[in-house]
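Several structures are given next for inspection.
Next come two complexes built around chain A: one with chain B, the other with chain C.
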Partner chain A sequence: MDCREIGETFMKVKIINKEDVTRWIDKIAEKYNVLGPVKIKSGDYEFKKIKSGNEISLDYINPVISPVKQFLFPSKEVMMKYEKKGKSVDAKVEQQVTEKTVLFGIRTCDLSAMLFLDKFFLDGFKDTFYELRRNSLITVNLVCTEPFESCFCVCADAGPDRKEGFDVQLTKINGSYVAEIGSEKGEEIVKIGGSLFKDASQEDIDKKEKIVKDTKENKFKMPTSYFSKAIRHVTANDIDEKTWDQLASRCVGCGSCSYVCPTCTCFNVLDIGTTNKGERVRTWDSCMYSGFTREVSGHNPRPVFKDRVKRRYYHKLSYYYMKKMGQHGCVGCGRCVIACIGGIDMPMVSKFIRRQGQ
Partner chain B sequence: MKEIITICPFCGCGCGIKVSTDDKEIEKVEPSQSHLIGRGSLCIKGWHIVEVLDSETRLRKPLIKSDDTFKEVTWQEALSLVAEKIKSVKDKYNSIGIIGSSKTTNEENYLLNKLAHQVIKTNNIDTSFSLHYSPLLKRINEINFSVKIDDIQNSDLIIVIGTNLNVEAPQILRRVLKALDKGAKILVINSLKIPLANIAEIYIQTEPNKIAEAIKDGKVSSLYKRAKKPICIVGEDIFKGVNPDDSFNSIIDIFKDNVFPIINLNNALGAVAYGVTPYIEGEKEGMNLQEMIESAEKGNMECLYIIGEDILSSAGDYNRVKKALENVGFLIVQDLFMTETAKLADVILPVVSSLEKGGSFINMEGRLQDFEPSISTDETLKSDFEIFIELSEKLGVKLPYKNISEVRKEIEKSNLLKSKKISKVNISLENQNVDSDFPLWIKIDNPRMFFHSGSMLKNSYTLFREMEVGVVVVNPELAKKNNIRNNEKVKVVTKTGEITRNVSILNDIPQNIMVVTYGKDDISHSIIVPIGLKWTVGRLEKLS
Partner chain C sequence: MDNIYLPLKAEIKDIKEETADTKTFTLSFKDKKVQEEFNYKPGQFIELSIFGAGEAPFGMATSPTRKGYFIITVRAVGKLTRALHNLKVGDEVGIRGPFGNGFPYEEVKGKDILFVGGGIGLPPLRSLIHYMFDNRQDYGNITILYGARTPKDLVYKYELEEWEKREDIKFLVTVDVGDETWKKDIGVVPILFKKVQFDVPNTVAFVCGPPIMIKFVIQDLLKMGFKEENIISTLERYMKCGVGKCGHCAIGHKYVCIDGPVFNYKQIKNLPERV
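Let's turn to the complex of A and B:
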């Protein structure tokens, strides 16, 4: 069954001891490819293939690149290889058959972003490269109870928990995790845990709801409800030029915003190699680059940063795109806050737009 | 898959790049969040470093030129020829020169110094730092590198003189903007309206040769006196400007320890610190880069060994430098790519990039950062380190180092910047001024994806795609006066040469300044500036 069809019928709630999570992961890893957050030498975190639950730390800092985006839509992937042999050309589509993979411990914002990617890559025209990986993917997402400084998922309605769209959703309550099962795939991996799981009591479920409510109301360090006014102004197209001028003056055109954004989907396709041998690759692209829109004639409809910054935020916030995608293009993961050199991140832009004309 | 944090080989900020690799191929590159400089961010150059490494155009085998074409040879042949040629030079003091790189590691720089002084026995060793940053080099013993990058965001007054930080040093811009958002006063002094001028509290527009006067302005000094933690950021429009010495001397005399110089070369300080310079106290002074070029012009340079530097593209005065290089008896070039300089070489030694080796770099704030190799080396390539060791042996001296860590143990003691052992630097740059023949100021403006000579950029598809066609940007009034329309092809003439460019008319630019931008796959801009500089004087001519 397509995992995007969310079955309330699946919704079962279980509970597992904190200590038993490691054993559960061990068991899943016996059957499936498991990727989880591992602390590497430098102090950064990275979603890596793990053999045992001991290797991961669930209190990790979200990596700058979304592990979900990197898995489903890698920064660089080979689509086709070609080689000239005599007079004929050997061309082969590179379809990577992916083994069943569990992304263990992703944060809820990244799960919300995945549902956005699904809509882009699978609705209507199906991107087969994406589809293959997506079908092989099972997610276990964490409900964050201690948001980081740059987090604002609550404003984007993309966290800290989800009511649907997950396979298994974990929320820490005291010494245990409440595990909500949201799909057949989710049920499959909870079954692997066997007796490690017990049915959750109503009290456990209430506790979970209380923790989520408390997190939403009290734990976010950034002011909440960013978007409504920004969306209104962007949609009405009544933002003064000075605001865009000021924002663009801070831009260095690095493209980090697009690369780290878990809902950004733009890519470039190019052939690398010689006329005799080479490969066709797809790489991430960024709307902050002039080469992204420059036409063959040399004319560029968005020649300066101001045009590109403006366009980016129109794409993220205007009603037109919200209607098309079912949500605005931001899940509040806060990665742009970390990666943007000029500080032109979603909270800052929303603030600029709100303040304009005041 | 393993993750390695390496240091970005482009500008002098020194961001940490997290590389995910299986040792053979790099899966992805991302900014390291735990790294103190980048803190989760990278500029466009850093993000695309892998494209450069993977490029089909990387040199893979040593090349020897015969009958004007390059032939692939073995390392044995190439290094033997190099050693033989170096040995054959009799007058080592006047006829041999070594140009090191601001991109090789500290350990390699230390070895290169030994190779020059102890093995080849010449003091003619330098990098392009002396060419582009001589005002800073002259007073480098006075700069204690006491302002750190992270101090900038806690400053209450930041004076940004002669630098477009959006391009020259993005990580410094990041700190300036953080300070701005916290309420600091930003004061921009520049001849051109850089992006930061749009959001700074005060913008002082000056003539390119009157920057020193602007600093002495009453408003600036009263703000400076009142500030608690003032910082003065100085960039390339000063060091490579029209009166570099006068401007920089005034700046350092006034702002002293609060000066933060932007050094837009990855390991320029490391090269100076570990002896790739002719100015070492207690040693006989050798030729600097400019003097080596002059010596080659006169036909005195029998052998020139250039490491990781495409000086033909980056030095300026292209025609003159080209003639000089063609005049060199035997030219050795050590590089990753077939650069413009490499094309003139007699021997080319292909090397590995910084991601394929370990070592350490010193960034512009003086921070030493070490790194391990991210991927293993192509067997046909050698690192600069290995080449220096093998070459020394062929020249009859066995340098006593087996690996990088053995060198690293020694180098800490010999940091010339720390011990303040840079001797007096005798480079004087003439002031340039407009006159009736050359009535306009000209700035050569490099785009954000461009680094130094551009040899890396050309080999990355994303960075290369970002390049626009080179133009000359002029004010509408100037265009009108010369009867020139937008997009019209014109001639830009300076004392060193002339080029043709299409005109781009822009309101924001002063009437007496023209900006010549770098073009895609085009280094013609370097024809019209004097060696080492980014500013000059010239005129605009309509093509008949």
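Let's turn to the complex of A and C:
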């Protein structure tokens, strides 16, 4: 049923057999560029261009780099090419208009991260590179029913499912996937599947709701990361220096946390080439590097690890940023838990902050 | 779709040597229409590109009331600024902007104005000083206090003489260390406070200079009874994009590029990081 008439969110619910998902992807790939989770030699998964649904596995382990961030805000991007002609330098933005792309099978935490990135890159000054890619993008996200050990999206209110913001959202129930359609883009690609989809029955929907509820309540192994207290203390700026000292003593300044974080957006801009010819590129940067704020005079407003660890968690958790962004800067994907060799990840930091003053 | 990161071409129209390491560049967009439509507020900044050397922000030192060109005053300290110093009249640079909030020149109409500048902190203030000269009737008493390390480090020397002659403002200058020709004050900028009178509740202070100067000037102004929101400064931070995206210039939840660079002391004081 189309509910738009009665003022509710536009939402249709369909169901597709597990085996038919492959055929659906095949059909989409005939028309669009499809990126899906492909197993690579190391045993990890990477989102790659696929021609057929056979190439992917939807039981994949989340890649360490968020597929959404890698697609919309690549680790290195040529912003413009320049060339000197006579006395004048011509600079041209050479971003190709991206063909319609379906990111198939991203996990819901990454979808939530994308909604965060949307607000960041498109509010105020519009980031043209992001905008162009985003306009071409359609997402199919998976509701996780078996969270990994490092997952805590449920604490971040960013998963395992979403009520809005998706194009198509898939939830596995027994031998089928319930497919919720959340946008016109979503409807477009479900239409491509044609008769592979049937209308979902109320029983299917109830089953789906039950599975999601059970996942939320029973399946998470890291239920320790409730943020509210950390948010309060970070905002009030009343965390004792000893806590920061302890946390910072474990930081080696490698920047991994920023690179793997799907909501980290800081970048560096540099010219590669000579004054006659070259490229202006942007690359991911990290506030955990001392050079991030170092001025040419040598003055550095954040000279020590502690300043930078504070900075990172202020950005992720303070209420002022939440007010700006509508959500805090963590979606509970757990990547920092895996990446940080010092163990100063979001759950650990929240735990440390909660513990102080008790 | 216009790309916010793509600079437009501008030409260097004039270069003035200010000090041993500082030059003033007069710039104008090559496209006349772009130059005509280039409206900015005193206190805003531009991003200047020299491809191959990079891009950096510079506060405009001219008032938007003076049309057809804009100027920046630059000390050669890094890769880009040294490359800029090597350019000649007629050479081309890339410009994006204007960016930032600018000075609250409308809000302070009718008030007495105090400018306190140190060294190369004068150029951004000059933008507002010129604006006020050009709209003199809108403002009360104007006092300008300026200091530098030595007489050789003073910028806009050719203009400071005119300021001294003006009867509708008060202008005082000091240097930390004088030389045989220096007949004026010697000492840090705050010594000049003793030589002028202010109607403190009706005065707004604009302060720009090295961090150590700002610190002592603010202390003195607060002692004199200035309200925190009536002490206004313009900040600098390492910056890339100028449009609130690259993240480098963030202080707490404020971005110097889009929430600043102009802040009053009350705003700065409450930020959770050192400024």
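One rule holds for everything that comes next: the second predicted complex is superposed on the first by the 344 of 358 C-alpha atoms of A that agree within 3 Å, B and C clash if a C-alpha of one lies under 4 Å from a C-alpha of the other, contacts with A are read in each partner's own complex, and residues count from 1 in each chain.
Convention: a residue touches a chain if its C-beta (ideal position, glycine included) is under 8 Å from a C-beta of that chain, and two chains touch if they have at least 3 such contacts.
All of these numbers come straight from a predicted model, not from anything done at the bench.
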Review point. Chain A superposed: clash or fit between chain B and chain C?
Key: fit
Practice item. Check whether A:F148 is in contact with chain B, with chain C, with both or with neither, and answer first, second, both or neither. Key: neither
Review point. When the two structures are overlaid on chain A, which partner does A:F125 contact: first (chain B), second (chain C), both, or neither?
Key: second
Check your understanding: Just chain B (first), just chain C (second), both, or neither: which does A:V252 touch?
Key -> first
Exercise for review: Report for A:K48: first if it touches chain B alone, second if chain C alone, otherwise both or neither.
Suggested key: first
Check your understanding: What is the contact status of A:N268 with respect to chain B (first) and chain C (second): first, second, both, or neither?
Key -> both
Review point. Given the touch rule stated above, what does A:V89 touch, chain B (first), chain C (second), both, or neither?
Key: second
Check your understanding: Using C-alpha centres in the superposed arrangement, which angle lies between chain B and chain C as seen from chain A, in steps of 10 degrees?
Key -> 80
Point to revise | Nearest-approach distance, in Å, of chain C Cα atoms to those of chain B in the combined model | key: 12
Check your understanding: So which positions on chain A get touched by both chain B and chain C?
Key -> 268, 270, 273-274, 285, 294
Study note, to complete from the structure: chain A residues touching chain B in their complex are 40-44, 46, 48-49, 61, 63-65, 70, 74-76, 245-246, 248-256, 259, 268, 270, 272-274, 283, 285, 289-291, 294, 298, 338-343
Point to revise | chain C residues touching chain A - in the complex, by the definition given at the top | key: 1-7, 9, 50-55, 77-78, 81, 83, 90-92, 94, 211, 236-238, 240-241, 243-248, 250-253, 258, 272-275
Exercise for review: In the complex, go through chain B and note every residue touching chain A.
Suggested key: 1, 3, 5, 16, 18, 20, 27-35, 39-44, 46-47, 50, 54, 56, 166-167, 170-171, 173-174, 177-178, 181, 195-196, 198-199, 448, 461-462, 465-466, 468-469
**Study point:** Parts of chain A lying in touch with chain C, wherever the complex brings them together
**Key:** 79-80, 82, 84, 87-89, 91, 93, 120-121, 124-129, 131-132, 237, 265-271, 273-276, 278, 280, 282, 285, 287, 292-297, 299, 301-302, 307, 310-311, 314-315, 318, 320-321, 324
